[in-house]
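These notes open a run of structures that come right after.
After this come two complexes, each holding chain A, first together with chain B and then together with chain C.
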Partner chain A sequence: MAALTAGSVGLDPTWLLGALTLALLVLAALKLMEARDRGGRRLVALLQLLVCGLQASQLPDLLPSLVQLLAAVLALAGLLQLESGLATPWRLLLRQSLQVLAAALPMALVLFLLVPRLDPFAALPGPSARAVTGLSADLDPGTIATLVEDDSPAARVAFGDDRPPPPERRYWRVLVHERFDGRRWQRGDEEEAGPPEVGGAGSRAAAMGELESAAGRDQVWLAEPSRFTAVPWDGRSGSADPRLRVEPQGELRLLRPAIERRSYRLRPAATALAWQEQPPGPEALSLPAAANPRLLSLGRSWGGLADPAARVAAARAWFQAGEFRYDTRPGALPERDGLDMFLFEQREGFCGHYASAFSALMRAAGVPSRVVSGYLGGTWVVPVGGASFLELRQSDAHAWSEVWLPGQGWQRIDPSVWATAAAEQGPAAATARAGRPQAGSGWRWLQRQWWGLDMAWSRWWLSFDRSRQEALLEGLLGGRSWALGLVILAGMALGLIAALVPWQLRRQRPRRDRVARDLAELLHLLRPLGLEPEPGETLEAFCQRAAGIHPVLAAPLRHLAGCHTQRRFAAADPQGAAARQAADSWRRALHQLKQARRSAIRQVRECVP
Partner chain B sequence: MPSAEIRSGGLGWPGRLGRLQRGEALQLRLGNLYILPTAFGVLWLGGALLLQVVGIQTQRNGPLLLSFLMLTLQLLALHLTHFNLQGLELRCGRSEPGFAGEALIYPLLARSRHPRNAIRLRLAGQGLSSRAAQPRRIPAGTSSLELDWRCDQRGLQAPGVLVISSTAPLGLFVCWSRWAPSARQTVYPARQRGPVGLVARAGTDADAVVAGGGREGSEHWHDLRPHRPQDSQARLAWKALAQGRGRLSKVFRDPGGEPPLLTPAAGLEPERALRHLAAEIWQRSRRGEVYGLVLPHLSIPAGQGQRHRDRCLLALAKAPSNGTLVRHG
Partner chain C sequence: MAAWTDLVAGIDRVLLGKEHAVRLALACLLAGGHLLLEDLPGTGKTTLAEALARSFGLAFKRVSFTSDLLPADLTGINVLDPATGSFRFQPGPLFSQVLLADEINRASPRTQSALLEAMAAGRVSVDGTSHELPSPFMVIATQNSLDQVGTSPLPESQLDRFLMRLSLGFPEREAERALLSGQALDLGAMVAAGQPADLLSLRRRCRRQHCSAALIDYVLDLVAASRAPERPGAPLSPRASQGLMAAARAWSLLQERDFVTPADVQAVFAAVVEHRLDPAGRGQLSRALLEAVDAIR
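Showing the complex of A and B:
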């Protein structure tokens, strides 16, 4: 019960499943206090197993899973104890429960891997949102005087080839902000429940793109709880996971409760994804006419250039010539015309200022644009054990712009790189950090080691989903899906045989006691010397005969024969002090015999011509 | 849904289902073993299905794997529970006689190639005593088992239907077999204090003598003799022992001088008269008295000691139940 209680830390009691889990846990505890007979205690064990399963549905990470496994093994040991009696030692019970688990596990794995998975039956309400750190739906850099470095974890990603991506690919997009009111960039409303895909599998495939066949660049993501169902991604990968959906503006949404730690697997797409070629709506050009007049004027001045790419280039040149500085403590901007203040007077700011100002300038120049917030860079961690991964923290949060260029689609522009930055600040420093392994020290080091194991767990366990199962079945059956039932049956039959045959053999094998095993060892030691007991010969007589042949063995053999008689016939209690003393005496004599035996073997070899 | 008795691993369905095996010995094998899920097994299956639904609904691997694990444990338990009984050999042992209405022990010999856990042995129609409720461990090799039972009828009685069951290792299935051991156990009439008759000897008028519940002669000891192991402790001369004269037994002598010949009291219902005789014989034997028994179908001359007592009690156990027990003439 203690393990289950510990495993319940982190459950959300306001969610239906969380409340059900806690209710069952309380019920099991009450029943345990009340239960006097075997039936009641069995029920407690079953309730404990159910609580384990419900916890696993809500807390699938490595540490909670280990606690759940412990609780399940203990519940099973409790069940075994009910049948074999309360006097059974707990070590034996634990061993038996592990044996039972090991016997059942192969069959369970066959079913787990091969039984086709079903879609959820109905959309149930997810857990309620709660305050978590992370990105904001509104980007209003003008109100931020100092960018506070929040070092809490945001996400981790492991790559199939265990190498970090090149610097230009370390932009991890999360939110897209398209609505601009002259000061803040807002994101479209997030629908709570995922509506069914419009257009079926075809449109879904178009949205997610054709996946690369090579699994070498697979990404396994672990995103910390956030306010949004949108999760970090690189904008170029796809997935066959039905829970993942790419929104038209380029957000990747995972249709799971956002307050969970979410894991998902992505694979680079061979072709451009649909969001990249999604033509901009009128909102991508909307700009309040009354705000930031100087910005409007500058932007419109570039509007005369025919090629949108030339307008982007002009803006770039303007920024680079303007001696802009990247600074996380720029001070607050005025409520009115704040971007004008930033562009033409202050010229200091962080990523939000640059993305916001550049996107507004582009809209003024007639180039559809928007702001994207997400993460840049990350820290490449190579733990001692487990998988290497890129660690993203909230301090890696970044904002950049996207502009629509005819024929090229949405293109990422990061105007922050045009500003000069101090050594450890700015996008350049962030991407450089991601390129070299970081080990850290102390608590951070320990945390990263654990996260390495956690990533390996996520890669192999959490990311085994329906799509991977289908890939496995495809590899196994090669399209002969009619054979799946036969394969499952054959697997189960093999699993059952593999479980029962060793079980029966173990039961039928005569279990020799310690004294008999020691005697067998003694006889085994003497056999190479050509000493074998004759039929009906007692140990004492055999030892005397052996001592006659090899006098060097006489003393230890005499001692061993005496010890054996004492252990076998004189010790009333096999666990008593006298028996232990006799066993110690046997060991010492056996050690002497082994030493004497070496010289006896030498003598035998010398005698042989 | 299985009954409550299946849940307790007791009789219930197993007590009625399945072909009854008869004979001196029983070997448990596929043909005479039956297996059904217990109520807990049904709940277990429900729990596994619930976790399966949760796993599908949340698309999580943990509840899915645990659900499959519970299902495969159930499949495994089906075989393991069966294996726990299969191959066990039971044989009737040599039973000691006992009295009707009192606890009897019916001995069995069990033979097994390997140890077996949590085997329950219960006789149909017998109350669930604490020993019967406890699962037993049967070691490898030959071992003896004792069944507690009660019988209200005198005579050579068999204990009835024995149900051998097991729910080990997980309690998900109950496997059982039904056996009626054919070896009979001698059951003496229940001991009930009351009047018994004494047979008149030549020259006395003694059919009229009615012993009043065994008080006769118990106050008047005649002599002392060296104490023998078979003598009752009640007859030990404690005073002599305290005086350092060694262990001596009191020798009683009937006041009349002749050992009494007990017979059923006249006017009583025959079975009741036998119960009185059983109590009287037991008492007299405890006191070390000499007595005989006269029944319509046989007479046992006066004697004493355990063998004499057992012979008399056996005669009472086997006495014909029809007709009168009082000897006339």
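Showing the complex of A and C:
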């Protein structure tokens, strides 16, 4: 019950199902307190199993699944104990419950693979109660004197072919900031988001068509809790998951509560995505006329160039000639005309400075532009025996610009790379870091191993979604959907047989004799002392004789002989309390014997120089 | 019902220094078997028999077997009752609870056979009428191993009917010293430790003693070893293995346990099987058999 309660952490109470699960859990806990008889306890165990199942449908991640498994095993052990009515030792109970679970596995596998999936329940963004560090909705580099390196994890991604993407493709976009007030770059409201553009239910068929060709570059993402429903992506993938949608400005939103860990699966899209073609609104050129006069005049000076691409090139040349330095400790900029200060005097800053200054310059030059924040690079992790993955930390956070070029759509420009970077700083260092696995502290190493497991779980287990299942069934049945019922029935029958046959075989196999094993161990222990039973000698007689030879062994040997006789020949239920007591006292006496044996061996060595 | 130690000690005070033999005899009584005492004269065979009978307050009769003893002398005869003019059964000495058949090898085979049949069936037939023997019923036969002239030794097939064969042997020096200095208790002064009904309930308890599968395996291995073709001596019959189990059960009860162990089997083994393996032997074959079978299991 405690495990279940622990497993309920992360259940979203706003969900109907979550509320039901919590209610059942509370009910079971209360019932456990007042249950006196067998019926009551049975009810508690059954409720616990039910809650496990409900939780599994809502919290399928690796850690909750492990907790659910533990709770299910405990519930089964309780049920077995209740139904058998015997005082079974807990180890045996646990083993039996695991056996029951193992017997259910084939059937579960059949159901998992074959039974048609329902679409996930309409998921609404949950309350953003938890403040999580990371990206910010407002990008205001001027107020940040020193960029604090936050090393907490942000997201992980595994690729279908287990190869890291090339460095220039490691820009993982999350938020798009379009509103500029002269100082801050703000993000559009989530509620303003339009209808799903790409990757919604409508494009499922298209995404499925690409399944075979692009399976090699499948991406499985695991995003840590954040303040946004927007999740990292590469800007060029699609998904069949109806909970994922690409907003017009190019954010990928996962319609699940952002306060929990989220996993999703992306597939590369063959064509350019709609957000890149989405023409800019008036917002993309708006620039407060009162702020940053020097910036405005510089930008307008490029406005005469006819080709927007030439304006971008001019800006680039200007930056590169300006001896800008990339520095995470630039000092705060003044409240007014902060970007002027940065561009013309300080010339030191980090990605936020460069992205916002460049985007503002482009707007002044008449090129629609905006700031995108997300992650750059990441660390390629190869866990022991697990699937390798790219690890993104908050310290990998980055900001860059996007400009609208007619005929090309939105193009990524990263002005930070134009600055000369100090060692181990800046985007160049970040991409270089990403290329090689890093040796971290032991804790970091452990964490990465766990994440490796977690990734594997997400990849092979959680990502078997409706589209994958449909592809599998399509391959299996070739469109004869009427045969699905037959296949499910046949599969269930096979699963049942697979569960029952080992059970039967087990029953026919003779049980391993614990007492005989213990006896063999005792004889083995005495042999080095030159103590061997004589022909036809009983254990009591042998032990007595041995005790005569080595008096230090007398007491434990007497205990062991009596104990063995009791276990082997007395009328007792082999699972009963008396048998357990005898086994316990055997263990204790054997421990004493081992201690006494050491001194006996010493004595033997002293006698035989 | 007195404790075991009292029971054994009671007989032991009569029969000094023979504790093991006394226990075996008691086990034989509890197992419901018959006992063959084979020893030199004057070693206390009769005393043991009478002490056994007295310890449970059993009716005791003694018959000295001679070559002219007839079966009817044992079973009893139908006599004409002059008062009623009809025949009335006059029970013989067989109708007791403990019968001491002294020097059984002196009697003719015919008489021996009548005794052994009565022992096996628990009843006697006289002139076509069957008469039940009293219960409990135990025969303690003695056989003098020295006098071979004019005797008919029991055939092997009949020896099988005795659960145990014991020999008391000479007492230890100290025991004999105590005997000579008059420390032995007089039989007449012996107090019964229990009633015949106690013996019957003890016999029931005996039958309930737990024999685990491992123990039964041990007994089966012993019996199987005796039946191996290369082994000397007669193979043990199922009656022998049954008797072995019964005696081991009784022995385990005497050890104040409620289950039987290989040690119990070994304790009674020689007494139960030696006379079946080798009528003239003195325990050598049974010991070899015990050593041939692993008792640690």
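Going forward, the second predicted complex is superposed on the first by the 434 of 609 C-alpha atoms of A that agree within 3 Å, B and C clash if a C-alpha of one lies under 4 Å from a C-alpha of the other, contacts with A are read in each partner's own complex, and residues count from 1 in each chain.
Note that in this section a residue touches a chain if its C-beta (ideal position, glycine included) is under 8 Å from a C-beta of that chain, and two chains touch if they have at least 3 such contacts.
Here the structure is a predicted model, which is why all the values come from computation and not from measurement.
With both structures placed on the common chain, the touch criterion links A:Glu83 to chain B but leaves chain C unconnected. With both structures placed on the common chain, the touch criterion links A:Leu43 to chain B but leaves chain C unconnected. Between chain B and chain C, B contacts the larger number of chain A residues. When the two structures are aligned on the shared chain, A:Glu540 is found in touch with chain C, with no touch to chain B. Shared-chain residue A:Val487: touches no atom of chain B or chain C.
Judged by the touch definition given at the top, the superposed model places A:Ala578 against neither chain B nor chain C.
By the touch criterion defined above, A:Phe569 lies against chain C but remains apart from chain B after alignment on the C-alpha atoms of chain A. When both complexes are overlaid on chain A, the residue A:Leu27 reaches neither chain B nor chain C. No residue of chain A contacts both chain B in one complex and chain C in the other.
Those residues of chain A that touch chain C in the complex are listed here as 516, 519, 523, 533-542, 565, 568-571. Contact residues of chain C toward chain A in the complex are 210, 212, 214-215, 258-263, 266, 290-297.
Interface of chain A with chain B (complex): residues 17, 37-39, 42-43, 46, 49-50, 52-58, 60, 65, 68, 72, 76, 79-80, 82-85, 96, 100-101, 103-105, 107-109, 111-112, 115, 117-122, 124, 243, 256, 461-462, 464-466, 492, 495-496, 499-500, 503-504, 507-508, 510.
Within the complex, the chain B residues that touch chain A are 7-9, 39-40, 43-44, 47, 50-51, 53-73, 75-76, 79-80, 83, 113-115, 117-118, 135, 137, 140, 167-171.
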